[in-house]
Structure formats: C-alpha cells, structure tokens
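Note that the chains take the letters A, B, C, D, E and F in the order they are written out, and that residue 1 is the start of every chain.
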Amino acid sequence: MLSFDLLTANLLSPIVLAFVLGLIATSLKSDLEVPPAMHSAMSLFLLLSIGFKGGVAVAQAPLDTLVVPILATIAGGVAATLFAYVVLRRLVRLSTIDAAAVAAHYGSVSAVTFIAARDLATRVFGDIEGIMVAILVALEIPAILVGLWLGQRNSRGGERMWLSIREVLTGRTMMLLGGGLLIGAIAGPERMQRVTPLFFTLFDGVLVLFLLDLGMAAAKRLKDVRIAGWRFVAFALAIPLVHGVLGVWLGTALGFTPGGAAVFGAMFASASYIAAPAAVRMGLPEANPSLYLTAALGITFPFNLAIGIPIYLSVARALS
Amino acid sequence: MSSTNALNWQSVRLLTIVAERLLRDRILRHLDQMGVSGYTVIDSEGRGARGLMVDEWQGENVEIQVLASSDVVDRIAAKMRERYFEHYSIILFAQDVDVLRGDKYRKP
Amino acid sequence: MLSFDLLTANLLSPIVLAFVLGLIATSLKSDLEVPPAMHSAMSLFLLLSIGFKGGVAVAQAPLDTLVVPILATIAGGVAATLFAYVVLRRLVRLSTIDAAAVAAHYGSVSAVTFIAARDLATRVFGDIEGIMVAILVALEIPAILVGLWLGQRNSRGGERMWLSIREVLTGRTMMLLGGGLLIGAIAGPERMQRVTPLFFTLFDGVLVLFLLDLGMAAAKRLKDVRIAGWRFVAFALAIPLVHGVLGVWLGTALGFTPGGAAVFGAMFASASYIAAPAAVRMGLPEANPSLYLTAALGITFPFNLAIGIPIYLSVARALS
Amino acid sequence: MSSTNALNWQSVRLLTIVAERLLRDRILRHLDQMGVSGYTVIDSEGRGARGLMVDEWQGENVEIQVLASSDVVDRIAAKMRERYFEHYSIILFAQDVDVLRGDKYRKP
Amino acid sequence: MSSTNALNWQSVRLLTIVAERLLRDRILRHLDQMGVSGYTVIDSEGRGARGLMVDEWQGENVEIQVLASSDVVDRIAAKMRERYFEHYSIILFAQDVDVLRGDKYRKP
Amino acid sequence: MLSFDLLTANLLSPIVLAFVLGLIATSLKSDLEVPPAMHSAMSLFLLLSIGFKGGVAVAQAPLDTLVVPILATIAGGVAATLFAYVVLRRLVRLSTIDAAAVAAHYGSVSAVTFIAARDLATRVFGDIEGIMVAILVALEIPAILVGLWLGQRNSRGGERMWLSIREVLTGRTMMLLGGGLLIGAIAGPERMQRVTPLFFTLFDGVLVLFLLDLGMAAAKRLKDVRIAGWRFVAFALAIPLVHGVLGVWLGTALGFTPGGAAVFGAMFASASYIAAPAAVRMGLPEANPSLYLTAALGITFPFNLAIGIPIYLSVARALS
C-alpha cells in the first residue's frame, strides 16, 4: 500500500530531517536547547498562521460547501474517540479513566501532523481544499469533550466537567486557530495580503525549527515507553493506521481531492499533544499523564511523521 | 533575628509552593480568595515524584511565594493538600522570616 | 466628519482584528499568553525597523526640508503637553503631580499608533512623507521633559530631574528609534537593501502579533477604568480628538500631503505607553501609575486604533 | 543547623528583596556601594498592594537575594525603606541561613 | 513552626545552590546519584567573586533548591565543595523548613 | 595593504553599524536589552542557516574537491593553535593552563566573523566557494582538542579530557552547524527551497539584530581589558593579523577565488567565543575565563569586524 516514492519524498524533507536531528541531539545528551519562550512563540505563530490561511480559504468558499464536511468531521471525531476507548478498555485493558484520557487524545488532532501531511500532499498532488483548516478546528474539540465525559460520567464531577469544557473552548489553541480563522475570513484575501510574507512565506521555515524542538521533546518522552507495556505501544502504532485509513476513505466519500482525503485521514490518524493534554490533566487528574504524553508525542507523532503520512497518501491515491 | 532590631523586623511566615504550571492560575485564585496581601511567582523547572511536563506550552513548574500569618499559611496548605496533593505535581514548604512593615502581611 | 469607507477599511484590517482578538482572549480568561521575551523581541524589532525606514527616507531627503517640520513638531509637542496639563488640573481636577504625569504621556507619542495610522494612510492616499519617522523621534522626548518639569518644579528634585532626563535620552526607545534612524541614514538605501526582507517586508506581520499582545495588555488595564472616574475617562477620549484635529490642521499648514497630515495628527492624538511610563515612574514616583497606564493603553490607544485614525484621515481629506 | 557540622556551616543572613523591574539597576547599584560580596537576581511576577506593571518591556518584578552579615542586611533594608517604600512596589524579608565559607559574605 | 501543627508540619533541610549555568546538568546528575527525591531549578543572574558569564548561550546562573534530610544535604554540600568550589562560580546555603509529607524527602 | 574603499564599504554596512550601536548603548548605560531567549534563538537560527546553506553547496560540489581543503584546514587549525600557544607562553608569559585555554580560542573560529567576511567578500568579489561552511565546521573542533590537550597533558585528567571531547563533539554548535550541513546535503537544493525565505532571505536582517546584541556583550567585556595587561592586548590585536594573512596566503595556495581566500583568512584570524569558552571552562577549569572571553569577544572580534576583514580582503586582492 505504501509507495516507495512517497516514502522517500517524505523522509528526505527538511521537516522530517530536522525532527531526526532533534531526536539525535537529545539521545547524545547534547546541550542543544530551544528556549521555552521560542517554543511558545513558534506554537503561537504556527497556530495563528494556520488559522489565517484557513480563514482566507473559507472566505472564498461558499458557506454551504462547509456544512456537510464539518458535520461529518464532528461525527467522525466522536466515533474515533469511542472506538479508541473501547480498544483501550478491552484490548489494552486500561482503567476507565486512563482509557478515557488516552481516547481523548486520539480522537482529537495534532496541528503539526496536519501541516506535515498538507505539505507532502501539496507537493505530490498539488493544492488541496482550503477548508481543511476549518475541519482541523472542528476535529479538535469534540473528542476532548467525549473523553472527559467518558472519564467523569461515574464520578461526582458535574462542576469540574463544565470547568474543563469552558477551558477547552477558551484555550489558546482554540483562540489562535479559531480566532485566526475568523480574522482571515473577515479581513479577506486582499487585506491579508500584507501579512503574507510573515505568516505564509515563512511558515515552512518556522516549521523546521519547531520540528527540531519537537524531536528533542519526543526523545525525552520515548524514555518512558518501557513503562507503558507492549500492548499500549502496539495501540499507539496501530490506531493511527486504522483511524487514518478510515479517515482517507471518509474523505474520499465526502468528495475531497486525493490530496484532501489524505490530509483528512492524517488528521484522524494523529493524536493531540497540545490541547488535549492540558484539558485532560485538569478534567481527569486521576489519569496517568505518562501514558497519554508518551503515546501521543513519543510514538504516534513520529510514526505518522515518518511513515503514516506517506501511507495515507498512498491509500488516497489508490482510492481515487 | 537581627540583634539590635532598630529597624523593627517582625516575624511572619513564608510559604513556598512549587507546582506544575497548569495549576498556576488556580492556585493564585485560591490565594486571592484566602485573603493574602500578595504573592510572588517565579518560573521554574524540576524533578520530583511525578516530574512530568504536561503544559508543554508554558514551561514546567512555578514557584509561588507567599508571606502571611501562620494561620493563613496553614489554611492555604490545607487547601492545597485537599485539592492537589493526590493527583498533581506539587510540594510546599514553610519557614519563619523577618519582614519590615509586618502589618502589611496580616490583612484580616 | 468620519467617512464610512475609512472606518470600515480600518476596522477590517488584520491589525485591528488581532487587537480585538487579544481583548477577547483576556476577557474570556483564556490561557493564551505571549511570552515576555517575545514581547520584548517584537518591541525591539518594530522600533528598530521604524528607525531604519525613517533613516533611509531621511538619507534621501534634502536636510533643509527637515528643519521647519521638526521645529514645528517640538513646539507642538510642548504646547500639547501644557494644554493637557491645564485641562487635567482645571477640568479633571487632578493633583499637580498626577496632572504632570498624565500630560507627559499625552504630549508624547505612541509608535504603534503612528504605524497603524501610516498603514491606513498609505492604503488610502498612497505613499506618505518619509520624514514622518524623524518627526516621531522629535515628538517623543520634549513632552516627557516638560511633564517632569511640571511635576518637579516645586519639589527639591534638581538632581532627580537630571537623572530622569538622562534616562529618557539614553532609554531603549531613543536608542532604537534614534539609533536606527542614524544607521539607516548612514548606511543609505542601497546598503540597507539586504536587511529589507526582515525589517520592511515582515513588518506588517509582526505588527499583527504585537497587536494581539497589546490587546491582551489593554484588556488588563481596562479593569482599572472604574477607579479613574468619569471625568478622567472623558479626558482620555476627548483629548486625542482635540490634539488629533489640531495636529492634522498643523500638518496641512506645514504643507504635508493629506496622508502625511493625517499621520501627523494621529501622532499628536496618541499617548505614549512605552517611553513615558518608565520615565515618569522614575522621575515622578509620587504620581499614580494606574492613572496614566489605564488612560494611555486602556482607553486612548484602542480609541485611536479603532475610530481616531479614520477620523484624522477624514479630517485630512476634508482640509486638503 | 546541621547537628554534626563537620562541614563547618556558618550562620549568615539572607535578605530577599522583591521589587518592580524598574528599580532593578538602582537597587543593584546600592548593593555594590554597600559592599556586599555578591547577589543573585531572579525574574518574577507578583501581586501586592500596588501590583502594577509599568515596565512593560522587561517584565514585572525582580527578586534579589543577598547573603551578608546582619549589619549589612540592616543597612540595606534601611536604605530601601528610605528610598523606595513610599512610592514603589517593593517588599523585603530576611532570615538566617547556614553557609560554607562564611568569610566570603563578611567582606569589610 | 506553626503553633498548633494540626497539619503535621515536619522539619527538613532546604539546600540552595547558586552556580554558573554550565554546571547545571552536572550538578543535577550528582543530585540524582545522591538519592534526593527531587529538585527545583530556577534561572538566575548574579554577581559574586567571579561573576563571569561563560555560557553566553543559555544565560548566567541557575539556582537549584533541594529539600532533603540534613545528612543528604551535608553529603551534597561536601561533594560540591570538593568538585566545584575551587574553580567555578558557585555558592550554597542551607536552612530548616517545614514541609507536609515529610517522608517524601527522606528517601533511603 | 588596506584599501580605503573596502574599509568604507565595511564600516558603513548595517552589520557593523548595529554592532557600534550596541557598544554605544551599553557605554551610555542605556536600559536597552536583548532578552536572553532572543539571543539563544538568534544563535540557533544563524548556526542552522549557515549549516543549511553549506549543506546545499556541498550537495552540489563533487566530494573529492572537498578532501584537500578540509585536510589543509585541519592542519592549519592545529598549527595556528600551537603557534598561538608558543607566543602566549614565551612572549605574553601566561601560565601553561591559561596559554592553552587562550590558544584553543584563537585556533578555533567565530561563526559571526565568518559571516561578516563572507558578506563583504560577496559584495566586493561576487559569489564565493560554497564549501567554506564545511571548512568552518572543520576548523572549529581541532583547535579546541589541541588546547585541551596542551592544558591537561601534565595533569591527572585523562577521564576529564575525554569528557570534554565528548562535550565538544555533541555540543550545540556542532549539532547545528554539522547537523544543518547534513540536512542541507541530504535534502538537496530543491527540497530546501521551501525553507529559503526564512533561512536564507532573512539571514542578513537577523545578523543585524545579533550584532546589536554582540555589541552590548562586547562592551561589557571591554571593562576587563585593563586587568589583562598590555602584552595580552597586543597579542589579541596582532595574532588575528598574523593568522589572517597566513590564512589568506594558504587559501590562495589552495586555489580559492580571491573572495574565498579572504574568507578563509578571516576564519583563521577569528577567535571562537561560543564553542570554545564552554569547552574550555569544563575541560580547563583552572584557566582564567576573563582572559579568553575578554580577548576573543572584547578585542579580537571588534577588531576583525571593523578593520581585520577589509585587510584580509585587500591582501587577497593583492595576492590574486
């Protein structure tokens, strides 16, 4: 299913190579460091950029073309979360709370995986649907809410539940992605043109720096893999494939271009490691953060980045 | 304590809380509600029993310092223990220090 | 006086929208944050960029075209400070010290307001006079000195006065704006060309990020508005209009293009919230910082950004 | 204090000053003039009676720690009180701590 | 110490090490080997007998705080003295503080 | 030997002017500051960019054209370190340890001096050899190892020696320069094109900001010059000339273009102040850091930046 040319094109991209450099630097105990403020600045920049780009695209798309994909995305996100939960309970045998916490991450989406997928897809298939960013925003939240509900439904926590939901909806990821989307859509393509040099032209370069940093973070997480047990590692490798292939299939059924369907699949395959961890830590404090952080950032993200994305593209090519 | 004490040093309690970054705003809200006259917040990193960095956006831990009367410090410590000790990365320690303008830290 | 098209063009610009997003994020108690180091980095970048651009313009302008506008600016800045002081004493009924402190801010100038005005003016009227940056530098300092003098003339503080003046003249705003101006003028247009991609092309994008941050800062300041009293709030809304319209008139009289006159007016209308607060805090410590910070950053800046600037442009159009 | 004290711990005074960022260089200049052997400076944030951020460029507060003899600490505290207590955001507290190489902190 | 002590405050030792940034990882490795239950690390600047900034990339000093039993603190202090006092910028001080869950800091 | 036009072209460049602004700001005790996180971010960016650019060049150069220059560079670096050591022992009369420590810095290389030289050389002579970055990487390490060996050979420190070597090889300078070189070479020109806007187009602008910062750092170092003694100051001014002119001669002998030979010479003339200080501080803790930091950053760097580089270019022009 995985075509060799896609794999090479992906593995030799500066983005993936920078991630590998980060992995290596940390394994060698290098004193290389990305200052925390630079990390935050890059996150902020990338999320706002994605929002802007999506907003400009949405401003040009007739609104009614958005409704069906968005609804399908939300339904798909909820289904993915429930499926992951059942697998985690039955096959991986996690506790209710831990299963709910991890499921929230795998139902949600990683913005960087989205970007990496869009990047390869555009290089291979040409431009993809601009509304993908709106879909990114729509996919992020529902899974977190479902995960919190799964974990809290048996406990006292009505109030805590609402607090967590409020926090997710006003969290920085939503503010930047959603806020950027609105700004882009309101200002429109012409007025946004003056910020293009920073937010669009530099995007790929900043991404390289960000992935260097993520490589170092992932290497630190990888140390905890042993504690997690082989069932859990298998989950973190298999679920992206299942979610991803089903996502590509759904994307194709929704009528996306092959590139669009591949990116759609990659989003389903990805696990959140920015919005979900913070929300789950507050809403389900009893869950073990080692589990979800190691899985999302230490295993699934590198897997998708290196191998997953080319697979979803291959599948999309086959299905189209 | 200073031997001469011409400056009128007075003894109050200094409570230091080290907690994961995610708890920051919550803890500060507790402090406001418990009527402390102020607090100082410092970014920090650390390793402990949990030693996880969840809030990867904003960095690892915060160290919060509060000068208050012994009672208030005890009330804060009790609240932290009740709310956060079980599931979160958090430690606290307290000590006696000398301040000028002691009343400043003993708001009713 | 305010034309509708200008207002819309302004309110829909990404700059203003980013400011609004910042306001909203803070009101919703979002955990969105701009790291302090990023804030400083952006301030540094923007001030140095403005300096560079101005220096290049000045290098191309015959020196004698600068003399009259600069002298008029200094005179105008002193007059504006004294006028604000009288209003604050008589009508707002502030103490001598507080009136002097606030007057220093309103006689001085906000670099970001200048940029936002230049931005809209260039879009509407085309390129404006390059020497406006030299005028920005000339307008910044005198008001602060006058304010310090007004506040300290009855007290012991001869030495303190000189210390404050020294600090204003060697402060970072002066170093970056003035230093950048010199570098731009000495290096000249050709040699500066190689730094154009960073300092000129990216300028608008960085401004969007900076205004997101300022929106969050302004929202925090707005909380203190209630303490200030209605007279003071009225002052913070009315004085920019008075200063601004008189500034546009003076700019027109000096023979500036309509765009230049509008930007000139916007500078007079604006209140400093970087250079002045630091200088006043050290030179007039008895003054209440809540007053001047809330007024300058919480009220006058948003007012100018949203409504003031289109008004000054409308006035300039009418006068031309 | 350590029971055995084989390491020769000696008691000196630790003064901590928390002040608004704007005062930083001024306070350090005072410390230099008052002959301390060193100081440590940490960026911090805080809320207190004033709780204003004026120096919006460089962040909010600084926490300055000084190890010195009790006399020197008293002289510094007196100076801070005289110069800054009235109009600026500033607090200070002092405590006894044990150090190695105690002479280091008792420069004439 | 709190008068009532209903919270069961227990006394442990707080060791603070201020050292040049370059020593950071080395010192933390020592601490891990000496079996402390955790530590807190804060970026700082400072001036002292040496007062040099060598590691110009990562900033000047770090302040490392360790809660541990008096014995362990003495062992750490001895190690630091042996290894770093002669040639590096480093100071340390120790004090008694009260903690909750005292056992946490007395790992064997 | 020094031609006037080169000196002017150099001194009026924004890079040098920004350095001077930094010097002035610190001498005036201005509160201007570059946040530490911004300093680290810029170092990281510049080193990675240099690596990328070099990697792309190396990818296009036949491998066998690299062998001779690299070997000559390594030999030259070792010779320069030994020469500096002998001068420091005999003429400057430093102790073994201090002489070894300082020699390690002068045998190694400063990346910023390299960039500044490349910058002027390209403006004067047109494009220079792309493999210069590979040479930069090759010149960095050997001197440090030789210096550590010179300083430690009489002491116990076998283990310490190996630890230091390990640290140099996995240090951040190597990771970024060397890692960037590999990424650039593996990804190749076409794939790197998408990161060009950030890493190549913005390079000169970031350099201006970095030099502003270095100017402030150098001014702080200059305060210690008095302690160093006149012999040492003379060394820090003379050795770059000797190393630089010999380097230009060697570069010409290796068949480089005049621009390439000048840059080659500037590398030999420069003293490391990022990689070497950290390595020497750990490996030779007994050495006095004031000596090597003051010399490398406070004296030799400004000297090369202002006067040295135009001299090496003049020599290269004369030799060609």
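Rule of thumb we're sticking to: contacts are C-beta pairs under 8 Å (C-beta built on N, C-alpha and C of every residue); 3 or more make two chains touch, one makes a residue touch a chain.
As the structure is a prediction and not an experimental result, all values here were calculated from the model.
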### Chain hops separating subunit E from subunit B, counting only touching neighbours
1
#### Entry: Chain separated most widely from subunit E, comparing mean CA positions
C
### Query
What's the chain with its C-alpha centre farthest out from subunit A?
D
### Query
Taking each chain's centre as its mean C-alpha position, how far apart are subunit A and subunit B in Å?
36
### Query
Between subunit C and subunit E, what is the gap in Å from one C-alpha centre to the other?
47
### Summary
Taking each chain's centre as the mean of its CA atoms, subunit B sits from subunit C at a distance in Å of 39
### Query
subunit D: which residues touch two or more other chains?
42-43, 58, 95-96
### Junction residues of subunit A, two or more chains touched
31, 33, 35-38, 40-41, 172, 197, 202, 278
### Query
Which of the residues in subunit D end up touching subunit B in this complex?
13, 16, 18, 42-49, 51, 61, 63, 70, 73-74, 77-78, 81, 85, 91-96
### Query
What residues of subunit C sit close enough to touch subunit D in their complex?
36, 39-40, 43, 172, 217, 273-274, 277-278, 281-282, 285-286, 289-290, 293
### Summary
Listed in rising order, the residues of subunit B that touch subunit A in the complex are 22, 50, 52, 54-59, 86-88
### Query
Touching subunit E in the complex: which residues of subunit D?
1-4, 6-7, 9, 12, 14, 28, 37-43, 67, 95-101, 104
### Task
Mind listing the subunit C positions that touch subunit A in their complex?
12-14, 17-18, 21, 24-25, 28-38, 41, 197, 201-202, 204-206, 208-209, 212
